[in-house]
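Order of writing sets the labels: A, B, C, D and E. Residues in every chain begin at 1.
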Amino acid sequence: MTDAPTTDRWIRYLNLLQLALAGIIILAPTVWMVLSSLKPSFEVTAYPPTLVFTPTLENYVQLMKTTPFASYAVNSLIVTIGSTSLGLLFGIPAAFAVSWTRVSWPAILTLAARMAPGTLFLLPWYVMFRQVGMIGSYTALILSHAVITLPIVIWVLLPSFDGIPRSVYEAAQVDGCSVTRILWRIALPLVGSGIAVAAILAFVFSWNYFLFALVLSNGDSKTLIAAAFNFIGEGSTQWGALMAAATLIALPPLILAALVQRWLVSGLTLGAVKG
Amino acid sequence: MASISIRNLVKRYGNFAVIPDLNLEIADHEFVVFVGPSGCGKSTLLRIIAGLEPITAGELYIGDKRVNGIPAAQRDIAMVFQDYALYPHMRVYENMSFALELRGTPKAEIDARVKRAAALLHIEPYLDRKPKELSGGQRQRVAMGRAIVRNPKAFLFDEPLSNLDAKLRGQVRAEIKALSQELKTTMVFVTHDQIEAMTMADRIVVLQSGAVQQYDTPEAVYERPANQFVAGFIGSPAMNFFPVEWRGEAVVFSQDGARVPLGLESCGPLRQAGKGVLGIRPEHFAVAADPADGMAVMIKLVEPLGSDTLIHFDLAGASAIARVDPSLRPKVGDRVSLRPQPGKTHLFDSTDGRVLQ
Amino acid sequence: MSDAAATLTQDRQRLELSALSAPAVIFTVAMIAFPVVYTIWLGFQSFSSTGKQSFAGIANYSKLASDYEFWHGLWITIALYILALVLQLVFGVWLALVLFHAKRLPGIVRSMFISPFMMPPVVAGMMWLVILDPSLGAANYILQSLGLPPSEWLASPTWVIPTVALIDSWQWTPYVALIVLGGLQSLPPSVYEAAQIDGASPFKTFQRITLPLLLPTIVTAAILRSVDLLRFFDIIYITTQGGPGNASNTLNVYGFRVGFEFFNIGYASALMLTLTAIVFGAVLAFNRLRGAVAW
Amino acid sequence: ADFDWKKFQGKTVTFLANNNPVGLALLTYKADFEKLTGMTLKVDGYQEQQMRQRLVTVMNARSDEVDVFMTLPSREGEQFAAAGWYADLSAMSKNEAAAEYDLAGLSQALLKAGTFNGKLTSMPMNIEGPILYYRTDILKKCGVEKPATIKDLEAAAQKIKACDSTITPFVSRGLKPAVAYTFSNMLHNIGGTYMANGKSNLCSPKGKQTLDTYSRLLREYGPPGVVNYSFQQISALYRGGRAAMSFESSNELRTVMDGGERLKDTGLAPFPAGEAGQVPTAIGWGIAVSAYSRQPEAAWYFVQWATSPEIQKRMALQGIAPPRPAVANDPEYRKWIDAEPVRKEWQAALDVLATKGSSEVGYPIVANPQSREFIGQAVQDLILKQKTVDQACAEADKALDALIAQK
Amino acid sequence: MASISIRNLVKRYGNFAVIPDLNLEIADHEFVVFVGPSGCGKSTLLRIIAGLEPITAGELYIGDKRVNGIPAAQRDIAMVFQDYALYPHMRVYENMSFALELRGTPKAEIDARVKRAAALLHIEPYLDRKPKELSGGQRQRVAMGRAIVRNPKAFLFDEPLSNLDAKLRGQVRAEIKALSQELKTTMVFVTHDQIEAMTMADRIVVLQSGAVQQYDTPEAVYERPANQFVAGFIGSPAMNFFPVEWRGEAVVFSQDGARVPLGLESCGPLRQAGKGVLGIRPEHFAVAADPADGMAVMIKLVEPLGSDTLIHFDLAGASAIARVDPSLRPKVGDRVSLRPQPGKTHLFDSTDGRVLQ
């Protein structure tokens, strides 16, 4: 119905081409991972690499049989959702305040915990949480993971908040909004895509982080990712199971990304402000 | 419902003093219009009153309360922003109801008020739209609506009608005026439109470079401008200025020594000062029936406005404009004889622009 | 003058704003104060091989200065950092643009595009180890079937760092892209119309409009990547453990091994703190830059 | 006589396990232990590096959270012992043992390897060591005999290379920290020692010879990228039929046989002899009680159960080579061994390990883990031809001397 | 330097047809002004010409070239956006030089052109500022400057002067007019300002709901409006309308049957139609010296504009306005007698608003 400009069409083709290229590079290894999880264990490292094979769910079956996969998954979910929520809860207001005041030390401070190698925290945290008897509790894990999620949330949201025209905040102030209200009623709905990105990133980072779980959890509260290591080991690297575990582990973040992707595409809908 | 009092206000951006030192008293219930050239600090002043801009020095009172440290949210002021500043994610209805909601106004009342404002501004069909789906003028009206649904201590309007057509502007202007009389709320209004300024204001503040040039009623500002700046700024087309001298018991143009056909009654001050600047508004030229009676000029350009016609011409080395009756049907190249209407001329000091009287 | 401005700004509002960042600040301080103090203390301890612990003064730090592995690790760390950061920023921005313009891409597919960093880094490392194996891996198989010479990838002292950078970029480019995509969403659309009117070609629009407007976001991504890249660990640990030789022995890998494989906690603490200081420096520098490119 | 398995009924013992086949095999019988003793066994299982990380953390915090943990005495024994992390098992192993425990039945070499300063720190759980996996079919095709000496090995490799260019003649560990495991075997076979007179001895003729031979074998006959090879790659390469000879851990048998392709064409033997004959590396995982455990006796009950003849026999049936010669003769186990020809050869090789083996992997010093780095470094430098043998050994010696001097 | 031709243009947002079916020919070099109520589709039309908005149906030619599929960047058109759309990250100078730079104009020439435009718009002091450091009017001038540095096929201006004060607006208006004559570039200009429309346009397009109501010279639009809408829209204050009938050989107000003091010469059409709507502009009332000669009205409201004075009154049941000389000094409650100036009245069809003649 509408005439698309001709050059636009070329650009579209070019874009499609790039999309395909990026897709292949990005997805090939992932596809390989999924395929591997469907291969018999020994075939993963077969040479030349096999593309045609009879898929088997054996690895998944074995995974479920040999590990309390579901309960690890529940642990992981609790810890990840907890720490992501905590990160968002603390991070959103902080990012907003930093963007508003342009005073950035709080943002840098929260990042400080990410500047140090994670191993630096192992011993002191172990000592610290042991002192209060929290080793093995979800709380300890959630708190430690929030140290990872918090700076991600803050830093990802900063540019989004910066992008909101000041005068919109000002209008809200004049309308009688306190700063906090402005955050919840005005700023937050406008940075939907930022929040979606922050949530995904925080979730993934927390989900995939194993170091803290290593010392702060015990057998019962161990996370999925920490358990995944069990398939690597001298005398027994179980490739198939490892890939199956990896596939399953990558699933929740993917599902989350798919869920919030609606917010990923919709950015600020400006048209409220001149200039 | 509050007076606004500004004392020794200073506002700087970096080294640049937008407002060097300003004092202003706006009485309760008063309708004050700020006018001044673009960039003179009108918006800044409004934003300071609203509490959106920190003050470099000085004091600000709303009612009896010193509000220097008080955030905008607690000043209970409604404002229309020059750049609209609508909430992009809210529909028009929500944009307008938001402030009321914050105040816990009952739903039914909110609805009534929003509907009323929408009707007044002719934006009922758009209540369900998002700002980005509106035209410029519609957005501006929403911004306006957002303010007038409220019942604040004071309204601040920053060029709220600039994107409306004349007809709508006339209507809205009348409604605002009515509103101000009904609510008895203090109003501060920024506009570039002379008609708006003249028709709405109880008093007009003429600003230049952040300083008050004159603060008086519209008639006074028009008829008795305090200085050459005000005289030149108020009135459209602008007042014509000619350097004149008192020479040989008569007023003559400095440029060519030609005599200015002026009644002597208005020459007193010039007699003392020796020289000055003569100001004549375009509408205060009369076409002299007797050519000898006026100054003969040649028409350079004719601008028919429908109701009137503007003629451009050169006089005493300056380009000048006169507003004449269209029935005159002037044409470029025609010669006409003009004379200032008696008692309608102004004289200013040639150095500092102060009015001479 | 500006202090006068400061005293007159809305105090209540400042309080409220502080209250907003307070939870994050307090939480962070509560979580890291003890570890930092404890580690600083550890850094001044010496753990003799017999496990006895004693105060060592700055011995651990002076040891750093003369430790070849430390300086080498520093060099490796920085080389890898710069290489990987540049790769990821360049391709991340590119990917973000491609995704941004592919508005009709179904959500699931879009999510797939950003999937690599959802893969646990350890798994990614294992996977690439298999793929890049010089004699077993698919990478050389493909190269050879295309008639190209095979590469030693991770087994070559010269190529190990570029290869690790590539692996890391494969995994984290989509992450950068995601952040940049978030930034792209918040750019004012009207500016693009103005650029069209001004006659800017798509490339010029990108160069002169999109890129400068995105810079703050890109710098943010760079900050987030910097803190990870300077502490590069997982993939090396899985694939080369610092080898061949010490060609990929980054500071963090080295520090980890000193602490948890060689059990010298004191020296490891000194190493880690030094590394932390380096990261901190980088973050501060980038934060400055962020201020400079804000619009 | 008055030994009572239920003595600590109701107690909970926490076990920090390694998720390797040894640990996994043991834990299949967890329920039996709990039933037998009435105790609760809380298992915390991790992959090796992670387990070590957790252990280091827990121990450095002097926490009583872990009662029992798995340990590799040949690697970290000295260091942990010096740090005082092991409880002394000497007394308990004698006084608190069930009648059927048969302390003496455990491999004496391994017990010795777990004894530091006269303290018995861990009980052996298995025995393992690097052995040569070779392809009978390829050797036959290329007209090569099963190598009996290191020289033979190299000659065989050369012939294979000439006869079939698609196959990797020989593969072993090239990854820096992993090298010591196989390297030590060759060094000992050649007759070298790591230390002499309190000094590092790599630059001795035998040391140099070993460095040269080991690296040359891998450089000339090994796969490209061998410097990153550890068990994973080696097993994969061999299992995939792309290597003729592989010098890898006995524990890899199961991995190598996965898929069944190598079942019929694989031969197994201890590493070929050198000038000093065959001195295979034989090590084992140990199970130790933490010095900070608040219930060492209860912990010991678990340890003794885990290393009891009954359990070790059962584990043996899962392919965990038992550190008890007696078990190796158990009829049930023999039946299992006889089921496959490779298992027979495997057991035969392990028998050699058990009798002649040395548990020395890397330097017999506290900083053993670190010493392995320098061995690996020297080997890698040579594989990559970045140094001459003299340079490499001299550098390693220098670093190792400094390490030895650290006391 | 190109004509613009719009044929059967349709533009819909969803189901809402902003422009149902529009035809328009703008000649080369012509200066066309779009006027119309807020939301009637002026910006949309401009954006369509610029190539920023896809067309639902119809054709668009610039010069001889059908540009339906051509992207904006290749149409070589300069545009001032109603919402400015400045580049937030560029300084004012860069904002203005950007388009020239893209065209590879030599640095020296760019500099000269930017400086000239900046001088013309009085924004030289701000060349080094970022847009967020400017006042509303200054931003608007930068937006203007960005367009006028160029030498495009056509200029499109979307209310470019709405935030400027009268004086500056007058200056810029004159400059634009001069520019258009100098460059001989086709210009399309949207404004709500009657004076701008009247003084600048070669032809005015009056739009309502996306449809062209009249397309003619300013004089024609003012003096001979094509229909009641145009008549009511052009002129400020707006034309007064009264339903009238032809009764007993005279024109009477439908409402009260009172006679309208009209010369019979202007009643021809009414005689045929029987009834219609009479339109009288406020400026076309004359104060009758003889009260019997006119219609007596009572002044409800007085609006002094300085140059003129508006009086509001009720006539024949409708509210009406007349513009009178301030020297009359009318007061609320005064009675005056008014009569339409002969030949200045308009008659429209009472059903479809078409002009009757």
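We adopt the following convention: a residue touches a chain if its C-beta (ideal position, glycine included) is under 8 Å from a C-beta of that chain, and two chains touch if they have at least 3 such contacts.
According to UniProt, the chain labels map to these proteins: A = Carbohydrate ABC transporter permease; B, E = sn-glycerol-3-phosphate ABC transporter ATP-binding protein UgpC; C = Sugar ABC transporter permease.
It should be emphasised that the depicted structure is a prediction, and the values quoted were computed from it without experimental measurement.
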{"item": "Chain labels contacting subunit A and also subunit E", "value": "B, C"}
{"item": "Pair of chains with maximal C-beta contact number", "value": "A-C"}
{"item": "Chain of greatest Cα-centre distance to subunit E", "value": "D"}
{"item": "Length of the line joining the C-alpha centres of subunit B and subunit D, rounded to whole Å", "value": "93"}
{"item": "Whole-Å gap between the CA centroids of subunit B and subunit E", "value": "21"}
{"item": "Centroid spacing, where centroids are CA-atom means, of subunit C and subunit D in whole angstrom", "value": "37"}
{"item": "Centre distance in Å when subunit A and subunit D are each reduced to the mean of their C-alpha atoms", "value": "39"}
{"item": "Multi-partner residues of subunit C (each touching 2 or more other chains)", "value": "13, 130, 135-136, 188, 190, 259-260, 265"}
{"item": "Touching two or more other chains - residues of subunit E", "value": "51, 71, 74, 82-83, 85-86, 136"}
{"item": "Residue list for subunit D, restricted to those that touch at least two other chains", "value": "53, 60, 232, 236, 240, 242"}
{"item": "Subunit E partner contacts - residues on subunit B that touch it in the complex", "value": "13, 35-39, 42-44, 82-83, 133-138, 140-141, 158-159, 162-170, 192-195, 198-199, 218-219, 222-223, 232-238, 281-283, 303-308, 323"}
{"item": "Residues of subunit A touching subunit C in the complex", "value": "11, 15-16, 18-19, 22-23, 25-27, 29-30, 32-33, 36, 44-45, 47-49, 89-91, 93-94, 96-98, 100-102, 104, 106, 108-121, 123-125, 127-128, 143-144, 146-147, 150-152, 154-156, 158-160, 162-164, 178-180, 183, 191, 193-194, 196-198, 200-201, 204, 207-208, 210, 225, 228-229, 232, 239, 242-243, 245-246, 249-250, 253-254, 257-258, 261-262, 264-268, 270-271"}
{"item": "Complex contacts: residues of subunit C adjacent to subunit E", "value": "188, 190-191, 193-201, 204, 208-209, 212-213, 295"}
{"item": "Residues on subunit C engaged by subunit A in the complex (per definition of touch)", "value": "13-14, 16-21, 23-25, 27-29, 31-32, 34-36, 38-39, 42, 94-95, 98-99, 101-103, 105, 107-108, 110-124, 126-128, 130-131, 135-138, 141, 170, 173-175, 178-179, 181-190, 202, 216-217, 220, 223-224, 227-228, 231, 233, 252, 255-256, 259-260, 265, 268-269, 272-273, 275-276, 279-280, 283-284, 287, 290-291, 294"}
{"item": "Subunit B to subunit A touching residues, read off their complex", "value": "47, 50-52, 71-74, 76-79, 81-89, 98-99, 102-103, 130-134, 139, 146, 150"}
